[in-house]
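Right, I'll just put the structure down here and ask away after.
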Amino acid sequence: MFTTRIYYQDTDAGGVVYFANYLCLFEKSWFEYLFSVGISLPEWEKAGTYVLVKNAFLDLIEKLQYGDIINVVTAVKEVRNAYFVLSHTVFKEGKTTTKGETKMVCVNNEGKPKRIPEDFKTKLLLNVSSAQ
Amino acid sequence: MFTTRIYYQDTDAGGVVYFANYLCLFEKSWFEYLFSVGISLPEWEKAGTYVLVKNAFLDLIEKLQYGDIINVVTAVKEVRNAYFVLSHTVFKEGKTTTKGETKMVCVNNEGKPKRIPEDFKTKLLLNVSSAQ
Amino acid sequence: MFTTRIYYQDTDAGGVVYFANYLCLFEKSWFEYLFSVGISLPEWEKAGTYVLVKNAFLDLIEKLQYGDIINVVTAVKEVRNAYFVLSHTVFKEGKTTTKGETKMVCVNNEGKPKRIPEDFKTKLLLNVSSAQ
Amino acid sequence: MFTTRIYYQDTDAGGVVYFANYLCLFEKSWFEYLFSVGISLPEWEKAGTYVLVKNAFLDLIEKLQYGDIINVVTAVKEVRNAYFVLSHTVFKEGKTTTKGETKMVCVNNEGKPKRIPEDFKTKLLLNVSSAQ
């Protein structure tokens, strides 16, 4: 679980979090989540595997404002040879405020698509969420 | 059609446009598109109607890099009483690189949901795209 | 001391942190620093005092990259009736990588300049750094 | 002169442009300015010269809000062997709203400092502003 506060930089003149910034919150959450299950994205890059977003989906349910403290929970929803899907949920005081998903693919140093490396995939499979 | 270049600020260490920044490109495009069909979002705010994103969807097809010149085309896909859907397509040299959609809702000064005002809705309906 | 990691969203195609994003790191750091000395910026806003940046200065000394863990230290450098100056230093593994300053002013609900409120100023004065 | 509008993404919950985003406006302006005097930054990167910001300074004079149309003017203030200084001024309806400077240095493919290449420097020198 990734915990952060909402800062001015996250908001817009409407007084709430700017919609695109939720995807930035998701990135922070999935980095720390994957790290916690043994997948260090910077280490995988050094080994020639880059993880890219192919699709993203975002659902804004409740507003978030300057100063709010939030939790973001990332879970593994689906794992295939060529991609995996992560779900992301933002909570404020236990209440769901935002949901989203990102479909991720792997590319090599030249940006060419590649399968998810076996060790990477195994760690994902061990953590597939049953409660999605 | 909104034309811009890809600047450093749009990219990340992977060498391409950071995925969340496509949503920022979409916002610029929909602002100018709506303005071009007679809907000035800042004017509507002064009149008590705020347009918020409820959902967003993003599909990354081809990479975009520093220095690229791109066009973003926004179209009206669907109009209902309580929401409307815009589609956004990014082109580089005539080729589709990115697609997305945003579902928009209206709120009043207190952030309460409201119907799309009649004049706003009429202008959207006049511009519903038949080719989506 | 504010601790964070460098995520993709902080970097650019040059492979390092995008220069403007250091100011975003500073904001997170000063929010938490001021909060730790009893100054909650969102609470002061509710009471009609908004803190704005008037000037910012930035000095990039060493590069920061994706995955780096950094500490940002904010200190009070100067306090006057109409403004105060904060200094910000980014450290990676104990080494200074970035320095900066922000000169802050207060405005009221209508955006008009105002003196720093007495209680706010007192808390700043108690924390003026002698080692700047 | 670089012309743009202020979009939601540029603003914060204070209702005005977020201070760090001025540096992003500066980058767009200097890219287009340098391009207009024959210096294409992406081309120079392909030739092994990367331009980095070493220092930045920012002075916020008047507020900018959602929907505002602004002009940013970049000028060459100083050129040395190892660095050059650009000044940036934001105008709204002919009135200066923001000023800033960026000190730029060159590095090679490995990120090592290098002199400004002769052809690059010559083009800068031809455009040094006398009216700063």
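Order as written gives the chain letters A, B, C and D; numbering starts at 1 within each chain.
By definition in this document, a contact is a pair of C-beta atoms (placed from the backbone, for glycine too) under 8 Å apart; a residue touches a chain by one contact, two chains touch by 3 or more.
Because the structure is a prediction, the values reported are computed rather than measured.
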Practice problem: From subunit A, count the fewest steps through touching chains until subunit C is reached. | Solution: 1
Quiz item: Rotation angle for the CA superposition of subunit C on subunit D, to the nearest 5°?
Solution: 180
Practice problem: Among all other chains, pick the one whose mean CA position is farthest from the mean CA position of subunit B. | Solution: C
Self-check item: Interface sides of subunit B and subunit D: same vs different residues, half threshold
Solution: same
Quiz item: Cα centroid separation between subunit C and subunit D, in whole Å?
Solution: 23
Quiz item: How many angstrom between the C-alpha centroids of subunit D and subunit B?
Solution: 27
Exercise. Determine the centre-to-centre distance between subunit A and subunit D, using the mean Cα coordinates as centres, and give it in whole Å.
Key: 33
Quiz prompt | In subunit D, residues with contacts to at least two other chains | solution = 8-9, 14-16, 20, 24, 27, 66
Exercise. Using the touch definition up top, name the residues of subunit C that touch subunit D in the complex.
Key: 14-16, 19-21, 23-24, 27, 50, 52-60, 63, 102, 111
Practice problem: Provide the residue numbers of subunit B that touch subunit C in the complex, in ascending order. | Solution: 8-9, 11-16, 18, 20, 65-66
Quiz item: In their complex, what parts of subunit A are in touch with subunit C?
Solution: 5, 7-9, 24, 27-28, 31-32, 40-42, 45, 66-67
